[in-house]
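Paired with chain B in one complex and with chain C in the other, chain A is shared by the two complexes that follow.
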Partner chain A sequence: MYSYSDFDAGFVRARVQQFSGQVARRLDGSLTEDEFRPLRLMNGLYLQLHAYMLRVAIPYGTLSPDQMRQLALIAETWDKGYGHFTTRQNIQFNWPKLQDVPAILAALADVEMHAIQTSGNCVRNVTADHFAGAAADEIEDPRPYAELLRQWSTDHPEFQFLPRKFKIAITGAPNDRAVTRAHDIGLRMHRNAAGEAGFEVMVGGGLGRTPMIAHTTREFLPVADLLPYVEAVLSVYNTLGRRDNKYKARIKITVHETGPVEMTRLIEARFAELRPLFGGADQALLADIRSAFAPPAFRIGPIDAYHAFYTADPTFRSWADTNLAEHRNPDYAILTVSLKAHGETPGDASAAQMRLLADLAEKYGHSDLRISHEQNVILPHVHKSDLPTLHAALMQARLATANIGLISDIIACPGMDYCALATARSIPVAQDIALRFEELKLEHEIGPLKLKISGCINACGHHHVGHIGILGLDRAGVKTTRSPWAVMPPKPPPLVNAPAPVSPTTRSCPPSSVSCAPILPCARPLQRRSSMPTAALVWHPSKPHSIRPKAAKMPLEQPLAPVAERVAELNARYRHHGATAVLERAMTDPQVGRIALVSSFGAESVVLLHLVSVIDRSIPVLVIDTEMLFAETIAYQAEVAARLGLTNVQRVMARRERLNFEDPDGTLHQFSTDACCALRKTEPLEAALGQYDAWITGRKRYQGSARAAVDFFEAEGDLRIKVNPLAHWGREDLEDYMVNNRLPRHPLVAKGYASIGCAPCTTPVKPGEDPRAGRWRGTEKVECGIHFINGRAVRVPKETA
Partner chain B sequence: MSVIVTDAGFAPAPDQIFVPLADLANHQGAVDLAHTDDPEVLRGHLGNVALIRIAFPAFNDGRAFTIARRLRMMGYTGQLRAAGPVIADQYAMLRRTGFDAVEIPDDLALRQPAAQWQARADWRAHDYQSRLRA
Partner chain C sequence: MKAPRFTPKVVTANDLLLGDVVYLTADDLWSRQHHQAELIEDEAHAQMRLLHGTAQRQVVVGAYLADARTGPKGPEPVHFREAFRTRGPSNYNHGKQADPSDV
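Let's look at the complex of A and B:
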């Protein structure tokens, strides 16, 4: 196993000194909090939900017994007596005090460990196959390369302020136990035709909110080219990676947006420049490192005891069947010690357990310990004859759970019990599932099954890459968990066809009990113009650009004048008219052009829908389906459309590819409501409105000072006209109209919702609250961005929206 | 006003005429690069330029580190200066990627006086890269 050179030791000590100095300079004001934060993170110190959290690197997952004992000591001295092994071969201490951190770092340095670059936008701890150096299927031990990468990446001056964090995983075996394709760079060793070992290099994988599988940028990289090639990847990423949006800053997005072919070309070009700078010093160092990873002196001895126990003891047999893996030496086995006793927190180990494992590794495991990304501890070299004794010792410490690879061997992130980012708890879910299957005694019968649980979209629990993945979410203040691939957002129910409108010569209103003439003080006789298609309610199932409005009702003989000019003329012409007149003219006036009504089918939308329906039931009615709507809204849409006989309701949605890319798990709203509104509402609507010269809205003057001057006709830049027929209506007018015309109300109105948007971001309002107070509650956000000024979405204050 | 930081400490920034990359043809020896500029454009001109100043719009935007490295890889041997609100803790990184000096705003120089920068003037020590590149 690698032990620090004088250089390594000197570096880590100097780094502890630097960090102590940075803490002092933060306290004396030399460093602002914004400046200190990345420095703190680069040294592994997080500010978490309840306390600071220190994340300590376990490079390539390898620990010596002395290091394990030191972790136990740290857990006892400065924490609550336990540590948490993570999915990236780190250990986290969840309760250290800030003033103790320098002492902890010094204690780590004593055993050649550190917390450097376990966080921050830099190259993180390089992870490796946890069976490295022991697995039967291995070509070469990957750890010397991982150690070389550790040294190369540590304090790399060019890459301490990358667009985002950067994770590298490496495996020396064809069977990938290191999840290499889900890393920023994955390195998989294989042999070329000449029999030489080299790496397949995969770039741009990752989980998180946009899970992606890495692309192979180099099929075969000679091992001597490793550092210049990896540096070329980082160099290209540092130049091209996005810095405008934290959620689009990982290299997977760079690869996705640049394209894997172009990305490969850029990397190879940079590699050609960098290669000459590495003249062999790295390879000399690699040779030294490699000698430190020489395999232990394997014992030669009978393994009869193992076979005897295996035959005689069913408990031992069950444990051996699940927890042992094939070693390259047939007399040996790789033992995985489960840290997933049923009902325990996955990945947690107490100080006593750590010490016992250290002792056992010393006695029976050639002093080698590994931590797997599956959050278990591995003794990679155990002579089979020692297994019965080892099993007995583990039993006493509750560490002999026979569940490796089974349903209770759950990967779970710390979740809301510790993590500041989490939106749900994952540990209790894991505990409950494990206990349940233990009660049923079913898991051995089920066989290998990987269950992964993440408490938020960041996917630390790897929920995308299990047989079953569970993602914890927070929707509208309700903590929920769901399996992202199993449960998709509900599709709108198939709509019942609206009754075919009868020809207007015989009936002028849809068959319903509703009076079709609006009851208004100044109601005018209605003239129905054209015969309408008798098609049933139309739901266009997807892309906004597929929406084709009907041919313009009035073919325009001349090109339209500029929008502003027409708006001025229209306002002058209709200044003294009422809503119905304005609507009717808007829907027929050649100066307006092709027109559509945009409706949310919300709390008051039915008024405008009704007014429009009595003029022309075939007008395109655009409904934005964000796929986040209340089931009640979807049902209400169908009900209203049927009652009013609307024949041309068109569903406007974001394109599936856009959704898959921008919001694959449907949780974007948890991170950025603005981005979610833009993706699901604003962009699709803007695309759909591209077909029209004008649109009808329900904006009203009473809604606030900024709307006090709303005119019937408004210019939306030079794009189109916005028609506001209800500009002069008050809230009571709306209420009266709905009552007098016996219009159906949105079912959520009765439940206290005064303004209804998407389910995750809408809550009821209390009496006396602003009607829109329930939208995006608890945030600054007040407006979805659908209202455009000069063709651009703008946000306006809540009281005016 | 701004302050120039070197291994020797602080010095006032001398008056000098910089041209942006777009105006390269008219340079008088000193060129300004934005953090988004492609240094490749300077290939063929590097012999005539004595000073290149690369902007850091914010200390945590690390693009200029790569630009500096690339200029040095292209054979540039003139002065290379970082300009912007970088912090003393980045001084070693700047020097190691090929910068000779840093131009910082006065208020930052007040908050992080010369001693804090000189604490990292030992940037050649504890440098993994120098062990790997030879």
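Let's look at the complex of A and C:
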């Protein structure tokens, strides 16, 4: 493996010296915490829930036995005797003391390791396929390229203050074992038609609160162009990436907002500028690095012992079946040592276990150890005849669990047991699930199944990518861990480059994978005034007049209890639930009754429409057409209805004779906005809602003081229930939801309209204004009247508005 | 709308050297024990105490106000996150639950 040059060694030593001085100055008071914090983060030192935490990089997941022993020594000397391997090929020590950290970093430097760039807005540890250099399907060992990238990115002056952190993953095999599509840059080696090796470059992937699959910006990049191309990507990101909002700062958002086509163009343009500046020094360096990754001298010898044990010993057989992978040398195997013994913490290894693994790697594994993003340790080169001895030795240390790729091989982040960002614990959930399936003895029967657990939406546990993802959330300080979606295909599909199912990131969103499901086109999209109706209700032409919501199809067993009583009960029951649960209940519960959704197709309406469409596309969607709407709104109604496949959109209009009488020339709004709203919105809606027991609205608490106390369920006198599933959503949640589910935006949003009503009474809002400030601007009026209660949906009296 | 009643608070932070969880007591010391913290029932006083805690930059890091309530031994945490901070992780007997005097 790669050995530090004098330059590398000097550089790392200098950093240790520098950080020792910084710690000393923090302790003597000459540095404040605000000054010290960025310095300690640049050296991988975090302050977590119970203590400091030091994150040490394991570049491309490769460790020598000496390095592993040193990690054991650090764990024993300065920590509590164990370390935690993470999903990004790092090891974390959970209990270091501040004054000991310089000594720990010095001990790491002794074995050519460091914690540089394991935090902060820079290029993080470059991760690689953990089977690199051993896998049977590999084109070329990716680690020399990873090492080249590490050297190039370490302390790169241009990329120390990126908009946000930046993660690169690389695989040398067509089968992706490095989650490349969920990285800022993913590099996947393949061959072109001429048989040359090169990289598919994928940009803008990532999990977290806005999970995105990376876009391929270059199908085939010659290996010699790697550095200039990656530098071009970072350069474009450094220029365009947002620095105003840390939740929108990752390159995935840049790609999303710029568009993959434009992004590709910008990268290629920058690449054309940069390419000539790389004069070949990088290739000379790469050649040197490559020689350090030469394959070991494989042993030639009989493997009869392996076959004999395999036949005779069922425990060994079971372990061999799950924990071995095919090696490029048929006499060898790749052994994955599970750090997921049932009931243990996923990814934790004690100092004794680390030492044993180091010894075994030295004796039986050509002195090579790997750490996988799945939080296991790999001995990549094991001669098959050594496997029985190895198995016996591992058994002694509880390291022979035969569960690789099975349900108890769980990826779990540290969660709220350690992490200051977490919203829930994930370790105990993982422990319980593993123990339960061990008791049932079911996991081998179930077969390959990837279960991932994250304790917060930052998704360190990769919960979006897998067969079952569990996200821990905090709702009102009550412990909740829920599986927002769980898909168990009869046969797990390859996780390689397939668009991974994307699960929700904001509270209780439905899986956005649903939005990728075939969406049936609306039988007949809305047409603006195709025939001018005179009735109060315009029924969708394809629907019989008597269409009723689902819940009403079943005869109710008993008459409904009074509205107020049901509302109180529903609110109590759904206090800790989110929008989806509330909607599902509202749309199916006989207690709620016949239900319709009322939508304005305004700036944010598409969120609720999407949530509803996922549950039932045939729910009646009532649209109030005041005949004063923006043309953009009309077009948008058709677009959204078609996109979501809503099959029962009904336009609600005022009766022609009422309009002729009250507002013959369409100018009523100039004299009395209240009277106009009453005529064109409130009365028609009241008439339309007459046949429903409940209606769904998109009202949210953040939408202004008049709505600050909106609850999930509200009584409209004793007439009907009003359901407000989004009551607790904030603007950010809505934004995220629209981005995550790729929902179309109302065209006027881009023009500064934050809340959209009728054309005469809506103006854009300025930054910082209440989003509804643009409605009825210059008047006291804040609500149109359809949302006021007191017995009936009546026009709001001026003084209470 | 009527202003909601002030939820009692304690001032909590992490120790600069060890990183472990500490609580501000009424006599201006930092205790490792939640129940020894000063339970602050007045909003203005809470702000003063937080300022006092934040100012001790050579002793603690990241002081903030956490919700608390009265218990038999003294203040008790309200949110489960704060309850975890009084004990330590669930997977090992480490942290305060192992040795309240040390981390």
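Following the convention adopted for this analysis, the second predicted complex is superposed on the first by the 473 of 801 C-alpha atoms of A that agree within 3 Å, B and C clash if a C-alpha of one lies under 4 Å from a C-alpha of the other, contacts with A are read in each partner's own complex, and residues count from 1 in each chain.
As a working rule, a residue touches a chain if its C-beta (ideal position, glycine included) is under 8 Å from a C-beta of that chain, and two chains touch if they have at least 3 such contacts.
Remember, it's a predicted structure, so these values are computed and weren't measured experimentally.
Of the two partner chains, neither chain B nor chain C is touched by A:432.
When the two structures are aligned on the shared chain, A:7 is found in touch with chain B, with no touch to chain C.
Contacts of A:47 after superposition: chain C is touched, whereas chain B is not reached.
Contact with both chain B and chain C is seen for A:29 once the two complexes are overlaid on the shared chain.
In the superposition on chain A, A:769 contacts neither chain B nor chain C. Applying the stated contact rule after C-alpha superposition, one finds that A:95 touches chain C and leaves chain B untouched. When the two structures are aligned on the shared chain, A:416 is found in touch with chain C, with no touch to chain B. Of the two partner chains, neither chain B nor chain C is touched by A:196. Residues 29 of chain A contact both chain B in one complex and chain C in the other. By the touch criterion stated above, chain A contacts chain B in their complex at residues 7, 10-11, 14-15, 18, 21-22, 25, 29-31, 35, 38-39, 121, 151-152, 154-162, 227, 235, 238-239, 243, 273-274, 277-282, 285. Residues 59-63, 65-67, 69-70, 73, 87-90, 92-94, 96-97, 111-112, 116, 119, 125-129, 131-134 of chain B are the ones that touch chain A when the two sit in their complex. Of all the residues in chain A, the ones that touch chain C in their complex are 26-27, 29, 32-33, 47-52, 80, 82, 94-99, 345, 348, 416-418, 425, 427-428, 431, 474, 477-479, 708-709. Across the interface of their complex, chain A is touched by residues 1, 14, 16-21, 57-58, 61-62, 78-81, 84-85, 88-92, 94-96, 103 of chain C.
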